[in-house]
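Structure record follows, encoded as structure tokens.
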Amino acid sequence: MRFVDEYRDAGQARALSAQMAALCRPGHTYKFMEVCGGHTHTIYKHGLEDYLPEAVTLIHGPGCPVCVIPMGRLDDAIHIAEQPGVIMTSFGDMMRVPGGRGSFLDAKARGADIRMVYSPLDALKIARQNPGRRVVFMAIGFETTAPSTAMTVLRAEAEGIHNFSVFCNHVTIIPAIKAILDSPDLHLDGFIGPGHVSAVIGCRPYEFIAHTYGKPLVVTGFEPLDVLRSVYQILTQLAHGRSQVENQYARVVPWNGNPKALNAISRVMELRPYFEWRGLGSISHSALKMTEKYAAYDAERIFHIPGVRVADPKACQCGEVLKGVLKPWECKVFGTACTPETPIGTCMVSSEGACAAYYNFGRFSRQRVKEATSP
Amino acid sequence: MRFVDEYRDAGQARALSAQMAALCRPGHTYKFMEVCGGHTHTIYKHGLEDYLPEAVTLIHGPGCPVCVIPMGRLDDAIHIAEQPGVIMTSFGDMMRVPGGRGSFLDAKARGADIRMVYSPLDALKIARQNPGRRVVFMAIGFETTAPSTAMTVLRAEAEGIHNFSVFCNHVTIIPAIKAILDSPDLHLDGFIGPGHVSAVIGCRPYEFIAHTYGKPLVVTGFEPLDVLRSVYQILTQLAHGRSQVENQYARVVPWNGNPKALNAISRVMELRPYFEWRGLGSISHSALKMTEKYAAYDAERIFHIPGVRVADPKACQCGEVLKGVLKPWECKVFGTACTPETPIGTCMVSSEGACAAYYNFGRFSRQRVKEATSP
Amino acid sequence: MTTEPSEETTAAWAETAVREAGHLHRPTREDQVLERIERARRGKARIREELITLAHGAGGKATHTLIEAVFLEAFRNPLLEPLADGAVTDGLAITTDSYVVKPLFFPGGDIGDLAVNGTVNDLAMCGATPRHLTASFILEEGLPIADLRRITASMAAAAHAAGVHIVTGDTKVVENGKADGCYITTAGIGALDRGATLSAASVTPGDAVIVSGPIGDHGMTIMLARGELDLEAHLTSDTAPLHDLTGRLLAACGDGVRCLRDATRGGVATVLNEIAAASRTCVVLDENAVPVRPQVRGACELLGIDPLYVACEGRMVAVVAPHRADAALDALRSHPLGTDAALIGRAGDDPPGLVLLKTCFGGTRIVDLLVGDPLPRIC
Amino acid sequence: MTTEPSEETTAAWAETAVREAGHLHRPTREDQVLERIERARRGKARIREELITLAHGAGGKATHTLIEAVFLEAFRNPLLEPLADGAVTDGLAITTDSYVVKPLFFPGGDIGDLAVNGTVNDLAMCGATPRHLTASFILEEGLPIADLRRITASMAAAAHAAGVHIVTGDTKVVENGKADGCYITTAGIGALDRGATLSAASVTPGDAVIVSGPIGDHGMTIMLARGELDLEAHLTSDTAPLHDLTGRLLAACGDGVRCLRDATRGGVATVLNEIAAASRTCVVLDENAVPVRPQVRGACELLGIDPLYVACEGRMVAVVAPHRADAALDALRSHPLGTDAALIGRAGDDPPGLVLLKTCFGGTRIVDLLVGDPLPRIC
Amino acid sequence: MCLGIPGEIAEILPDHPDLAMVDISGVRRAINIGLLDREDLAPGDWVLIHVGFALSKIDEEEAAAALDFLRSIGDPYEDEIAALRESTIEQG
Amino acid sequence: MCLGIPGEIAEILPDHPDLAMVDISGVRRAINIGLLDREDLAPGDWVLIHVGFALSKIDEEEAAAALDFLRSIGDPYEDEIAALRESTIEQG
């Protein structure tokens, strides 16, 4: 596959790896956060840690749009799905995520009509095909996904489809990064910046990180060489005492983002005063809701929503994992009480979460495996 | 079973049989019509013909409420059943009867929600349990059944249930008997009168048959000895040159019928100017419809009904069978093209129809069977 | 009394026939029509419908037509051809059935023991000793796992009682609204170690027709358990494994046993029609001899249904040679599952392929295959 | 270049490991945690859910838990215990599967040939020659009879191709909305006449892991054929009977063949996890060696699905002794159904019970059982 | 037409104005008695049931009279047949 | 987060204002291109696809430049490794 396979070359990875090792100051350790769950996934799926200098630790950030949805919010969605005549539509990612009353899959088993879609446009199509039903799209995702939801609402409006609405859970990445940067117990040396969010918002919004907080940030693609190259670039900045926003992913990310996409969002949505993030707590201006003008497409307004808040379980140490204070396996419940089948904390709920990725892909002793797989 | 088993005694049947033979005038033959399909069923199910004098032939009349529904009327019912949100309810008898577009069972197979009920009250219960659906009761039957439908509508009104309606196909027996008496090619010597209709209308309405047409009529119960006794009574009247209305079934039928039941009918229903009977054609004032006052419970008013008329097939010789001109097996298509699985004419559509009863229960040579079953 | 009734017009034929001469019989015009009809009925099965309806699953005419016109037509081979309870080959009997009962739990049993007993019984009807079962589940999402545990527990108990193991299985889950809680398909393998060669075709005029107990309990229990009819009665399903009962019968009567059939879907009437058709005999039943519980009869009368068509899950029809009838009844009655066994009729020779009933009233009528399920005849 | 990377921090371990000394290994704290987790995973299966969900039918962890905690718990016996493709006893292999595919007809096949091939394959995986099939149908009222004819025709053709007969069957019809057109359950009996003793438990470190062809064709074809994703591709199901291929393999390698598994529900990854768990070996795969068609890969990338978990219906995993690997590949490749057979990995000894993947990128990761179906990871 | 079955009233249901529990050979169903006079009915009475409604109260006297008639012609005849049969056997 | 996959535009669909048929390794889907400038797109162009929308047109020059950089450090290293390996074999 073009624009994919070129970035999976093991030979070049070995070369980068050697270069990176050379960039590390002896005796020094480095902690970089990949904000985006997509990167976490890439790192584990390709076994990328085998190429990282020992001195470099990657901290898996909060950028998994599935993981950050608070349980109460999912309970609200299930409540909507259980109303008579409703068809709830959702990306596959969300189906197995447990709320306080189980997951979408559980609700479906209890009888709710919940369907998986690939695109919000598919949800709209279902609405078109089922005029007697009320079709709700469970909208999740960062700025990457919000424009698609917005475009779908605009299309519903243009076509005069009135049995379609959006349960809007879109979140914005900058306030979350800022919340992490402001937390006292955190030590980070740089950021692997989210590639696809940046395709929409561009690179400028990160500049405060480089300027105010003095941390390098490299906007990064999702193939393994993209990530390695990005680590290489951060290490280079650090070696040269720089802190800048760089764009490793220029083939996809224009420096100024996608103005049409930003425009679509702003036509249909506006910032919420605050939104609760699972594992991180309430963050102000960190999420989007439908505007008054599109109230007719706003499931939050159409349906009476209980709005129950479910506290994160006590055993959960996700906050520490998200900030890099603990490694996933250092959490007391990791792998025993907390597994992908029965997640306790947010980092376990989707395969992009730090704990789930480590559990699914990295749950083995690298030392022993080296022995097992050596020819 | 009390009031059942006493009337199934073979010994007493043999005695009655002997008495009847004695009542027959030598060289004379007798044709009696059992108006009611229930009697037809009894006659075949119990093998009652084995007890009849050779001179007596029973003609199976039009009194099967299922058989007389014209195909177009069933198509209308299926049309209603196929409207969105509708639950059609029907007695089991009606489920397999074919209209122009197949039967209720076929429509159900195509996706319509059609349910079998034992009582119209069960249909009302379904309406109560499914407030979001529109429940229609396919009302069929003679005066016996009409009061139950009427009572159910009155109860729906009392309970304020608004998602229940009746597709009214109730018919009245007297006009049908009169139509048969008036047909030129018919020769009948007496009538076995319908027992359960008479439990509602009483015995008086038949008096014109005895007085104007000079034919004996005996209101008759449904056990085999009831029917034999009734034939005996008719033969007795004929032997004595009498023609009267007699009530063989006095344990159930009061001479004046059931005033409460008649009242229930008249509160909710009124006579139609005319109604088409399958096999007999249009008969004036022979059926009931909902009154204006109960329009809200009248499926005929609530739903747009195509009202298609489907002509009886050409091959059909039901008219002749119903009048006793032909025996069922004398019809050209009997048992080959016309069977209970693929009925062509009305007499084959329900097990109470003359042809179906003969096909299902009597389709064997009595002479050969005598040899086969003799000890 | 002076007028002895003529033989033609009264039921006295039963007595007078004794005095009658030979079997000389000149066909009337009615006979000719009936003959034509029988020829039409024996012709190749043809499906006229375009869609599957519930009738195709009821065990009656529609089912037979579907099986002959579609399944047998497509799969035809000598083992399948007899369309018996199972296939018999190489010393083995093989059978399968799917179970789709609603409700899943009912007085006297549940879908689990039904699925085990039903397949054990089909093996038993082949004259085999049941050995191994397979069990395949189609579960509807939303089925309570507690229900599934209850079902598997009764399967295990039923298997234990029948001396078989469930040796392999499969599980599929379908979406809500694509099943009805739980469907189970069992297949079974039995050893043909009882020396019996059973077949419906071997039934011969004169043979005795026996039923192992009261009929219709299962079907009526299910009908009532659905709750739609709002009827209540103390009735329980007769579901039971019959391999031990058949073992005892075969031990007592050896090859005097012609044919065994469990009277499931379609009831005793359907089984007897299959036997009459396969053997070209005429089965003549005595309505008075057919054991039916009062409650089953009451519900049947109320609904206008004939108990002969109501399903059993622990009753069988056995056809035995005339001289073994008493031994057969003794053997059956000595077993707890056969205490009410009854001789209900005989095979005759004419008219071939028909089942006739001498009614309790002394008349005679046909007991034909139904098209589909027995529908309540209410109005 | 002056700084050769340290063995700890680069993927150069593949080379440097050659030069390494013995297997001395001091467990770190992470190792201890991992050990605790493995113990927890090996513990008795427990179901936490109250209701059946689709995950229980997907073939992954939830299915395994359900089978062990409910079915095995209730039915436990020595033949069932290995939970293999079929049970093996008295020279016979016995298997069953239910088929619930949607749509009923798809590029390359339909539910009919699937139901025959699937059961033929399970027998073949036992090392048996398929002999007899049973077929039980659950039909939804409203199914066009023409569709049923198409299905039975392809069953007949598939049975003919596999040299088996459908010797007995059953048909049930359920109400509209209680099935999805047609469900088929087949059971199969095979003769263990090939002299092979196959079991997942017999897999030994060093054994070669072979797959008989490109993976994921069936699953992806079905996903596309549903039309919900609006994806188009020239893809056809790989449904095929593998008995002939296994016959050739067994003839060539004799008891060098340890274990055969058709990679159906849950795909190659699930089968390998079962093998690793049963044999307590560590299966190490080479991602570069796993054959995947470009369209399957394209669709997988688009949906965020790993092809290792996508179902095949005509591919198998064969584990063979090291010295028979070449012979096995030759035998498979000489057969039309095995032309693209590939050696995709090896069994190792540590960590036991895990499947590891050497990624195309040179890294290593676990390939675990999924909880349920692979869900698209889109956003 | 119109299947009607006799059933025995087991109980007039107190909470429902028009319902009685009726027994048919051990099978029970709540039957609507709104078409009859409630005061006229008591447990032990028999009614004719049609589609869930009691259509008529069964008149025991009329029933007994009808049976008496049947017996009046049936019994002598049966005696005669029995005599005939015996004489046949003696002949045979 | 936010799975994005490159695909090649096969055809701009004429009847639908915002749709293009896009090819991903032989798999085709109609993709909404309403977030990009239509005039800017032609068959043969590559776009990044996310949840059914083209989010970005892939810049081939940037892609080439990035690959050039990777090769610039990768290739010499690979040569060195190959040399090292050979010398190891010679030794061994």
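For reference, chains read A, B, C, D, E and F in written order, and residue numbers begin at 1 within each chain.
FYI, a residue touches a chain if its C-beta (ideal position, glycine included) is under 8 Å from a C-beta of that chain, and two chains touch if they have at least 3 such contacts.
Chain identities (UniProt): A, B = Hydrogenase formation protein HypD; C, D = Hydrogenase expression/formation protein HypE; E, F = HypC/HybG/HupF family hydrogenase formation chaperone.
All values reported here derive from a predicted model rather than from experimental measurement.
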| Starting at chain E, what is the smallest number of hops through touching chains needed to reach chain F? | 3
| said: Starting at chain A, how many touching-chain steps does it take at least to reach chain F? | reply: 1
| field | Common touching chains of chain D and chain C | value | A, B
| From chain F, the most remote chain by mean C-alpha position | E
| Pair exhibiting more inter-chain C-beta contacts, C-E or B-D | C-E
| note | Distance in whole angstrom between the CA centres of chain B and chain F is 77
| request: Quick one: report the Å distance separating chain A from chain C, using the average Cα coordinate of each chain. | output: 62
| Cα-centroid distance, chain B relative to chain C, in whole angstrom | 32
| field | Between chain D and chain E, centroid-to-centroid distance (C-alpha), Å | value | 67
| field | Multi-chain contact sites of chain F, meaning residues that touch two or more partners | value | 1-3, 5, 24-25, 50-51, 76-77
| remark: Multi-chain touching residues of chain A, meaning two or more other chains, are 1, 4, 9, 14, 18, 65, 91, 108-110, 118, 122, 141, 144-145, 352
| remark: Among all residues of chain D, those touching at least two other chains are 1, 49, 51-55, 141-142, 175, 229-230, 294, 297-298, 301, 304, 377-379
| query | Which part of chain C faces chain B closely enough to touch in the complex? | reply | 1, 3-6, 8-14, 17-18, 20, 23, 25, 27-28, 30-31, 33-34, 36-37, 40, 48-49, 51-55, 61-62, 228-230, 282, 284, 294, 297-298, 301, 303, 348-351, 354, 356-366, 368, 371-372, 375-379
| note | chain F partner, complex, touching residues on chain D are 1, 15, 224, 229-234, 294-295, 297-299, 301-302, 304, 377-379
| request: In the complex, go through chain B and note every residue touching chain D. | output: 108-111
| query | For the complex, which residues does chain F have touching chain D? | reply | 1-3, 5, 7, 24-30, 49-51, 76-77, 80, 85
| Of chain B, residues touching chain E in the complex | 1-4, 6, 9, 11-12, 14-16, 18-19, 36-38, 63-65, 91, 118-122, 141-142, 144-145, 147-148, 151, 194-197, 199-200, 222, 225, 229, 248, 250-254, 258, 260-261, 264, 352
